[in-house]
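When the chains are written out, they are named A, B, C and D in that same order, and each has its own residue count from 1.
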Amino acid sequence: MKMGEVLKRIEIPIALTIIATLLQVLPYYFDIPALSSVASTTTNAVLLIVAYATFVGVISILLVHGKRVQRRSEGWHFSILVVVFVAIMVLTGLPLQEFGLGTNNSIFNWIFTYILTPLGGTTYSILAFFITSAAVRAFKARNIEAAIVLVSGTLMVMGNAPIFTNSVPVLADISLWIRNIPNMATMRGVMIGAALGAVALAVRTLMGIERGYLRGGGGDE
Amino acid sequence: MVEMIAAWTAVFFTLGIYSLLYRENPWYRIAESVYLGVAVGYGVSVDLLYIRNQWTGQWNDSAGMMLLFAIVLFIGILWYGRFNKSTFFLYRWPLAIVVGTGIGLALRTVIDAQFLQQIASQVRTPFYVAGNMGATINNILVQIMVPSVLLYFWFTGTARESAPMKVVEKIARYTMMAGFGSAYGYTVLTRYSLFIGRSQFLLGIPPNDPENQLAFWIIAFIMLASMIGWDMTHKKAPVA
Amino acid sequence: MAFLIQGRVFGLVCLLFIMAAVAYYIKRAQAGVVPKVRRIPGIDAIDESIGRAVEMGRPVFCSHGIATLRDATAGPQTIAGLSVLNYVAKRCVAVGAKIVVPVRQPEVWPIAADIVETEYKLAGKGAEFDPECVQFLSSQQFGFSSSYMGLMMRDKPGANIMVGAYWAESLQLSETGARIGAMQITGTAQTSQIPFFLVTSDYCLIGEEIFSAGAYLTNDAMLIASLAGQDVGRIFAVLLGLLGAIVMTVGSRIFLDLFAM
Amino acid sequence: MSIMDKINNLDRRIIYLLAWIFVLYPLIFPLGLPIPISSDARAWHSYVENNIHDGDTVIFAPMYGTSGMPELFPMTVATMKHILEKDVKFVVLSFWTEGPLVFNALLRQVDPADYGKVYGVDWINLGYIPGSETAMGALATSFQNSVANDYVERRPLSDFPIMENIYTATDIDLIISFETGTPGAPEWLRQWNTAYGVNIIVGCIGVSVPGMIPYVTSGQISALMPGLTVSAEYELLLQKPGLAVAGVDAVSTSHLLIVLLVVIGNIAFFMTKEEEK
C-alpha cells in the first residue's frame, strides 16, 4: 500500500514529461551525438506507445455499445452493427499475413474499398451543402466587420471560378491581392502568436503548473 | 455479380450519409453505425501492423533492443490501467511521455519555422521599393497589418487599454476579417471539388463504375420515398 | 562553437528569452503580483450557455477538438480545450446539466473521462457520473464527425462548446449545432477554420484566445502570469520585425545575418 | 410574411436541392467554359520545368486519402507525368494511411515503365509511414531505420540500388507534397526544411491555401499549387487535359450558385431591415 501511494504521486508523470521534453529539445540545439541517438530511439518508442493505446478506443466503444445492446436501450439495433463491424475489421485485419489476414485480406480490402472509402469521402463532401446554406443564412452584412468578410469572401469565390475570371479578368488579380496581403498578414500574425502560446505552455508544463492533461484525482479520492 | 454488389453497396452508403441532408433518419444511422465500426476496426489493424513491422524492422536486432521493446510494451499496457480503479493513475505515465515528446517537438521547431522565419520575412519586406509604387504600398500595408494582428492578442496589463491600441485593434479586426474571407473562398472551392468528385462517382463517370448511376437513381428514390412517405403519414397534429 | 549547432543559435536565444519572460512572471505571481487580463466575451458566455441548456432541459456538448497531444501546433490546442472542458464540467455538475463529451483520439479519451469524473467526485456526486457521457466515437476524422452530428441531431443539446484544434469537421459540427438551435461557443487556432466558426456560432475565440481561456476560466494567478510573459515575447517579435525592416530599407542585412547564426 | 422573410427563413433542404442541381447538371451536360491561366499555374509549371535538374532525387508524397482525391488527384497525376519526362530519381512515400492506395490509383493512369523508369533503380515506393510529425523527424535522420521494407515487393531497402545513395534528408533535393491537412507542409517545413534545408513544393486543397501563403512569401515553400481550378490550368499548360479540366465546369456553376445566394440573402436582409424601420 505504501508503494502504491508513492507510485500515485503526481510528481512521477510530471518528471516523465520533463525528461521526454528535454530529450527532444537538447539534441536539436546542442551537438551531443550520444543524446541524439537516445532521442531518436525514444521517438520510435513513443510511436509504439501510442500504437499500444489503440485498444483504448475499442474497449470504450464496446463498453458503450455493448451496454446499449444489453439494456435494449434506444437505437440498440444500430449498436449491434457497430460491434459486428468492429469485430470483422479487427479480426480480418490482424497482422498475420501467414494466415491470409491483415491489410491484404480480401474481406478487409473489400470493406475498405466499398464501405469505408465512400463513407469517408461522402462525409467530407457533405460540407459543400453546409457551406451553401451558411452562405445564404450567415453571410450577411450585419456590421462593418461582417461586411468585410462578406465582400472579401465573395471576391475570392469569384476569383476561383473560370466563369467569372474569364469574363472579368481583374477578379483574379483582386483575389490574389486579398490572398497575398490581408490574408497573409492574418495568418502570419496568428502563426507567430501561436508559437508564443506553445512556448508559454511548455514553460508552464516544465514548471509543473499546467496540469490540464494530468488533472483529476480519479481512483478512490 | 460481385462487381454489381460492390457498386450498389458503395452507392448505398454514399446516399446513406447524404440522407442526413433531408433529416436524421434510420438510413443515416445505418451508415453512421457501420462507419463507426469499420473505422475503429481499421485503425486497430493499421496500428497492429505498425507494431509488427517495427518489431521485425529494427527492434529484434539485438538483446538490448528486445529488452527495450519489452519495456515499451509494458509502458503501453499501462494505458489500460484506466479501466481498473486501483491501477487508474498508471495511464498517466505513458500519457506524460507522449505529451512531453510533443512539447519537445514543438519547442525545437516552432520557434524556427513559425517565429523566426516569419519575422525574417517581415524583415525582408522593406518600407520602400525603388521604382515600384505598388510593391511599396503593399509592403507598408504588410508592415502595419502583421504587427497589428500580433498586438491584438495582447492579453495583460493596462497599456492594452490605451487609445493607440484601440486603433491597432480596429486595424487588426479588419485585417483578420478580410483574411478570413479569403479562407472562406478557398474552402468553397475545396468542398465543391469534393462534392463534384462524389457526384462523378454517383453518375458513374469514368474512372468510376458506370453501374453506379442506376444504383444511384434507384436507391435515392427508395430513401427519399421512405422518408417523405413516413413524414406524410406521421404528420404531427397542429399545435393549438 | 562546435557544441552549439550552427544556424540554430539565434533561435535558441529567442526561445530562452521568451521562456525566461514567462518564468519571470510566474515567479512574480507566486509572490502575489498578478497582471490584469482583458475580457474575452466568448469565455464569459460559457456560463450563460450552460444555464440556458439547463432551463431548456437539454444536455451540454463540450468538445476539445480532434487532435492528439503530440502535434507541435495542434497539441497545445488540445490542452487548451481540456482546460475549458474542466471548467464546463465543473459548471455542469454544479447546476445539474448533463454533459456529453465526444472524443476522437484514443490517447486523449482517458484524460477527458478523468476530468469529468473528477468534477463529479469533487462535488460529492461521484455516483451520478455516467461513463457513457465521455464517448470515444472514432479515430477516423469523418467517422468521428458523422457520429457527432448524429448525436447532436438526437440529443438536441442546448449548448455546444467546442474549443481545440479542428479541421474540416468544424463547419459540419457548428452548422449542425446551428440547425438544432444550440447556443454555440467555439474556438480554434486553426486559421483555415476560424471563418466558419465565426459565422455559425454565437461566440468565437480567435487563435491565441483559446490558450488564455484556461487561465481566464480558472482564474489561476500563475496561469494568468504566464500570459504576461507571452506578451513580452509578442512585443519582442513586433520590434524585431519593424526594426529589421527599417534597417533593411536603408540597405543593411544585419538582422538576417543575425537570424542565420 | 413577405417574400423577403421567406428567403431569410428558407428551408435548408431547398438550398441543398439547388446545390445538387448546380453540380449534377454540368457533369451530365458539359458546358466547356473557357479557362484563363493564372500566375499560380505558371509558377508551378516553371518550377518543375526549370528548378528540378538532371540527377536530382525527389520525394513524391501523396499525403491524402480517398476523400481528398477529387481535388488533389488531378494535380498529382499531372505533376507525375511532368516529372517522369525528366531525368530524376524519385522516392514515393506518405504519412497518410491511404497515401499508398492513392498512388496505386495513379499507377493505373501513368506507368513509369512507359517513360523508361525501372523500379528499385529510378524510383521506389516506401508506402505509408505511421507516426506523423514524430515519424517525419525520424525519417530525416535515417530512411533505413524508419522503414523496414519497400511497399511493392516487401523487401529490405538494402536490396534496391536507388537506396545506396539515400540515407538521410541531406540526400534529397526536393519534396513534392500533395496534401489535405496535418501532417503536411508545416510539418515538412519544421522537420526537413528548417532542420536540413530541403526545398519543398506543395499542392494542396483550397482550404489549406490561405494558411500556406505566409510560407510562400517567406520563401520556405518554393511553389504552391492551390486547388482544382489551378490544376486544370496546369493540365492545359502541359497540354494534357485530364480530370481537372473535366470537373472545372461544375466548379464554375457551383461558385455561381454561392455568389447568387449570398447576394439574394443580403438583399433580403436589407429589405427586411428597411421594413422594420
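The criterion applied here is as follows: contacts are C-beta pairs under 8 Å (C-beta built on N, C-alpha and C of every residue); 3 or more make two chains touch, one makes a residue touch a chain.
Predicted, not measured: the structure shown is a model, and the values here were computed from it.
Considering the contact criterion stated above, the chains in touch with subunit A and with subunit B alike are C, D.
Comparing chain pairs A-C and C-D by the number of C-beta pairs in contact, the larger count belongs to A-C.
With centres computed as the average of Cα coordinates, no chain lies farther from subunit C than D.
Subunit A and subunit C, compared by their mean Cα positions, are separated by 14 Å.
In whole angstrom, the spacing between the mean C-alpha positions of subunit C and subunit D is 29. If each chain is reduced to the centroid of its CA atoms, subunit B and subunit C end up 16 Å from each other. Under the contact definition stated at the top, the residues of subunit D that touch 2 or more other chains are 12, 16, 19, 23, 67-70, 130-131, 133-134, 137, 145, 186, 190, 195, 206-211, 214, 217, 227, 229, 251, 254-255, 258.
Subunit A has residues 28-29, 43-44, 46-47, 50-51, 53-57, 61, 75, 116-117, 119-121, 123-129, 131, 133, 135, 139, 149-150, 153-154, 157, 160, 179-180, 183-184, 186-188, 190-194, 196, 198-199, 201-202, 213-214, 218 in contact with two or more other chains. Looking at subunit C, residues 8, 11, 15, 68-73, 76, 79, 107, 110-111, 114, 138-140, 142-143, 146, 154, 168, 171, 191-192, 195-196, 198, 206-208, 227, 230, 234, 237 sit in touch with two or more other chains. Arrangement of the chains shown, judged by which pairs touch: all-to-all, with no pair of chains left without contact. Against subunit A, the residues of subunit D that register as touching in their complex are 7, 10, 12, 15-16, 18-19, 23, 33-36, 38-39, 65-70, 130-131, 134-135, 137-138, 141-142, 145, 195, 206, 209-211, 213-214, 217, 227, 229, 232, 248, 251-259, 261-262, 264-266, 269-270.
For subunit D in complex with subunit C, the residues that touch the partner chain are 12, 67, 132-134, 181-182, 186-187, 190, 207-208, 210-211. The touching residues of subunit B, when paired with subunit C in their complex, are 17, 20, 24, 28-29, 31-32, 35-36, 38-40, 42-43, 79, 82, 91, 95, 98-99, 101-103, 105-107, 109-112, 114-116, 119-120, 122-128, 143, 146-147, 150-151, 153-158, 160-161, 176, 179-181, 183-184, 186-187. Against subunit B, the residues of subunit D that register as touching in their complex are 12-13, 16, 19, 23-24, 27-28, 67-71, 97, 108-109, 130-131, 133-134, 137, 145, 147-149, 186, 189-191, 193-195, 205-211, 214, 217-220, 226-229, 246-247, 250-251, 254-255, 258.
For subunit A in complex with subunit B, the touching residues are 4, 7-8, 12-14, 16-25, 28-29, 41-59, 61, 75, 78-79, 81-90, 92-95, 102-103, 108, 110-129, 131, 135, 144-146, 148-157, 159-160, 175, 177-196, 198-199, 201-202, 205-206, 213-214, 218-220.
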